[in-house]
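Should a chain be cited, it is by its letter among A, B, C and D, assigned in written order, with residues numbered from 1 in that chain.
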Amino acid sequence: MINVTIWNEFLNEKLNDEAKQIYPDGIHKALADGLAGEGFAIRTATLRDDAEHGLGEEVLNSTDVLLWWGHKAHDQVSDEVTARVVKRVQEGMGLIVLHSGHFSKPFKALMGTSCDLKWRVAGEQEIIWSVNPSHPIAEGIDAKILLKQEEMYGEFFDIPAPDELVFVSNFEGGEVFRTGCTFRRGSGKIFYFRPGHETYPTYYQPDILKVIANSIRWTSPTSINKPIYGRSEPVRPLGGVLV
Amino acid sequence: MINVTIWNEFLNEKLNDEAKQIYPDGIHKALADGLAGEGFAIRTATLRDDAEHGLGEEVLNSTDVLLWWGHKAHDQVSDEVTARVVKRVQEGMGLIVLHSGHFSKPFKALMGTSCDLKWRVAGEQEIIWSVNPSHPIAEGIDAKILLKQEEMYGEFFDIPAPDELVFVSNFEGGEVFRTGCTFRRGSGKIFYFRPGHETYPTYYQPDILKVIANSIRWTSPTSINKPIYGRSEPVRPLGGVLV
Amino acid sequence: MINVTIWNEFLNEKLNDEAKQIYPDGIHKALADGLAGEGFAIRTATLRDDAEHGLGEEVLNSTDVLLWWGHKAHDQVSDEVTARVVKRVQEGMGLIVLHSGHFSKPFKALMGTSCDLKWRVAGEQEIIWSVNPSHPIAEGIDAKILLKQEEMYGEFFDIPAPDELVFVSNFEGGEVFRTGCTFRRGSGKIFYFRPGHETYPTYYQPDILKVIANSIRWTSPTSINKPIYGRSEPVRPLGGVLV
Amino acid sequence: MINVTIWNEFLNEKLNDEAKQIYPDGIHKALADGLAGEGFAIRTATLRDDAEHGLGEEVLNSTDVLLWWGHKAHDQVSDEVTARVVKRVQEGMGLIVLHSGHFSKPFKALMGTSCDLKWRVAGEQEIIWSVNPSHPIAEGIDAKILLKQEEMYGEFFDIPAPDELVFVSNFEGGEVFRTGCTFRRGSGKIFYFRPGHETYPTYYQPDILKVIANSIRWTSPTSINKPIYGRSEPVRPLGGVLV
């Protein structure tokens, strides 16, 4: 069974009336409920849970896949917890970064870029298209996902070229966005998935939840052999080679 | 100096009144004129030029970069000329495939896929966004290229994942498309560029011509050492290795 | 359950004494036996089985993953069967190409390149290194696989840049090779895996069999939605856009 | 003209007799001399030059391509200078990281991984093979580069999958290494090139210098349009879309 921890900043849903109405118990709770039938072992954690934002060593060490939603308070995530998340990903933990988590400290540290983009909150339509039909993250998803209203994110999205591009979005106002992207860092797999502004009911939509469930399976750790580094003896005898 | 051959099927511009009005001397002539100031040595060739569609051995052997526009008569390109083009690309000739050339025999042979897609001719707006700002093909191009009216091409576009994705299009009707894609095959470089339906004046637009000029430079042959294949002597002495 | 068909040319093991001694019932039989405990439904087929090389429509349509080993008689595989295999891969069937299958007609058609390489049969040592520790195909494999004696394959290997590079080989004589490569074509996934010359007992080695079993799972079809192509209605109403 | 700054830690060549003998004026001076005929404007800078390691704002702002060699004292490079180098790369400056620079602060920050690897100093032979014959960085290079004696670096090399793999090394002791790798971060291009241990005369070898010169040209800034980020007006009018 895959051990999933859903981390949410959980500030907008307390401070913003629109967000509170849509996600009264927080985005983490809506995601946990929406994924309840998928057979994962799910925990949640939030920024203000404790001094470590609910991401103490014990929690992270027993997490196979971490979901991350943050927006207003990226800088309140401690450097220590950031470093711990990054290290766990490099060691094999899966990481799914949602929406405004693009600007979170762990994602920026793992990408090595600014992760900046264009944006607009105008209640416009988003259409997500699959460009990778054989990818497990797109499994069972129709050619497109329609979101009646979403925040716009537009290119240029300052990320490294993704290892695999799975979804691309069209916005009513004319922009495009690389919405579903995979990355590998160390022994860990990362999926960035764009949708989920706090004032729209995106995370209640079944096809969005299906993509997230697929990506949890895809990012879950597969390798059991840790890389070996450092000084190393030759596999073959040296010497006697004349160029 | 880069030797460029612009190949055009040149049927629509004779048979279709709209196309004839926009490109009275053919798309190849409009492209040759539009690229005239770029410092290339430019020739043109068309399907009905001769038994080899203007692409005899002498022409292809002295071509550094071949541009390809075709639409109605892909199946009239002979298998012999197709094989010759493919071989020249694998040996290092650059190839730029424009618009409906996605279904041409050489492109399909080089991709190994159906190269199929969605389409619609409805005079709608296309907005092309750069997703690779440091790529030489995007040099000097604004964040976006606006095309007032174009044919829609939509995903899923059945190509291998491009080596580099340079441009992505947004269409008014809601679709997206991987509009600027690079591929390497053998010693040759390929650029697929989506725009250019025969009933719209796309190839007179300066930013479109700039992309094509950039891509001619990028696909032009760089390597002077041909790969060596076949039976090969060891570089180091064998023997004496005990596992 | 994954339906696997192991296709083998099955000529060397009849004509060459060394090969016959190592694989008396053919490479296909050794592979089928070696994979017997993995929970797949396994069939075999060979070049001379029938007019369709054992790959009639019924067989291919009920195959999830096809393994391909060929060497001496690539040109005896009919164009019709080649086209059928290519089409099935593009529709979603997994394909695992082993060793000298690099020169098979289906692989060359799917790659769009010559698939040529350097080679040498000198009984030398090969060491295969994992360069992608989080990839499911490398799961459970040590940092390296040691093959006491193998045929050398050396770069430049004329393939498109693989979507993912999983393994790289070092040969005693000084060469390197991209030994484990993934590709996607259409809705299908492809894995090329280098080892397995007919005069060495490579396919009896447990770590080699483990890689093949992993790759069968990885290439097995995942997507259930076929891409839609052709003329397409707009998702959003057109008109009224002024640039 | 491309403005090149060669940065060298310049400690081994003062403290280690072998290194001092081979590079009496430092690796930076050997590289500057070796590249003198290439038409670049070359400056050098070293760790102890001044409080900013010779990389003050004025120097970096007028640098098109920065070369980086470091080994013993990565932690003595200040965080401020590291951040400045990273920012300049993201804005478009080319970066060429040589040999033990894999562990430098700027490279690790741009990769988002540990950049760890296996190593051994045993005077063994390295053979570098080109796996990307049409890449400008491999232009004019033979199929292989022979280094009589080098430090071994072995996989797993903990980097993100490179955007393009250009060279792979074979070591006498049995290892392989992804020796020439390109990456894009923001508007900047990066090339990692493995060879160049301080106790071997690698940087006097013409083919090694040729690769470095090629990579200076390839990483030099090409794009003149900076990406635009932040709140953005729609390109098309919103409203009236009913899903």
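Throughout what follows, a contact is a pair of C-beta atoms (placed from the backbone, for glycine too) under 8 Å apart; a residue touches a chain by one contact, two chains touch by 3 or more.
Molecules present, by chain and UniProt name: A, B, C, D = ThuA domain-containing protein.
Predicted, not measured: the structure shown is a model, and the values here were computed from it.
**Q** Measuring between mean CA coordinates, which chain is farthest from chain B?
**A** For chain B, the chain whose C-alpha mean is farthest off is A.
**Q** Count the C-beta pairs in contact for B-C and for B-D, then report the pair with the higher count.
**A** B-C
**Q** Distance between chain B and chain C based on Cα centroids, please, to the nearest Å.
**A** 30
**Q** With chain centres defined as C-alpha means, what is the inter-centre distance between chain A and chain B in Å?
**A** Here the centre of chain B sits 36 Å away from the centre of chain A.
**Q** Suppose each chain is reduced to the average of its Cα coordinates; what separation in Å results between chain B and chain D?
**A** 32
**Q** Two or more other chains in contact with one residue: find those residues in chain D.
**A** 125, 127, 130, 132-133, 143, 146, 154, 156, 161, 163-164, 172, 174-175, 184, 186, 227-228, 235-236, 241
**Q** Which word fits how the chains touch one another: line, ring, star, complete or other?
**A** Contact pattern: complete, every chain touching every other.
**Q** Over in the complex, which chain B residues touch chain C? Could you list them?
**A** Interface residues on the chain B side: 86, 90, 109-114, 116-120, 122-125, 146, 148, 152, 154, 156, 158, 160-161, 163, 172-175, 183-186, 227-236, 238, 241, 243.
**Q** What residues on chain D touch chain C, complex-wise?
**A** 125, 127, 129-133, 143, 154-157, 161, 164-165, 168-171, 174-176, 178, 236-237, 240-241
**Q** Under the stated contact criterion, what part of chain A meets chain C in this complex?
**A** Chain A reaches chain C through residues 92, 125, 127, 130, 132-136, 138-144, 146, 163-164, 172, 184, 186-189, 221-228, 235-236.
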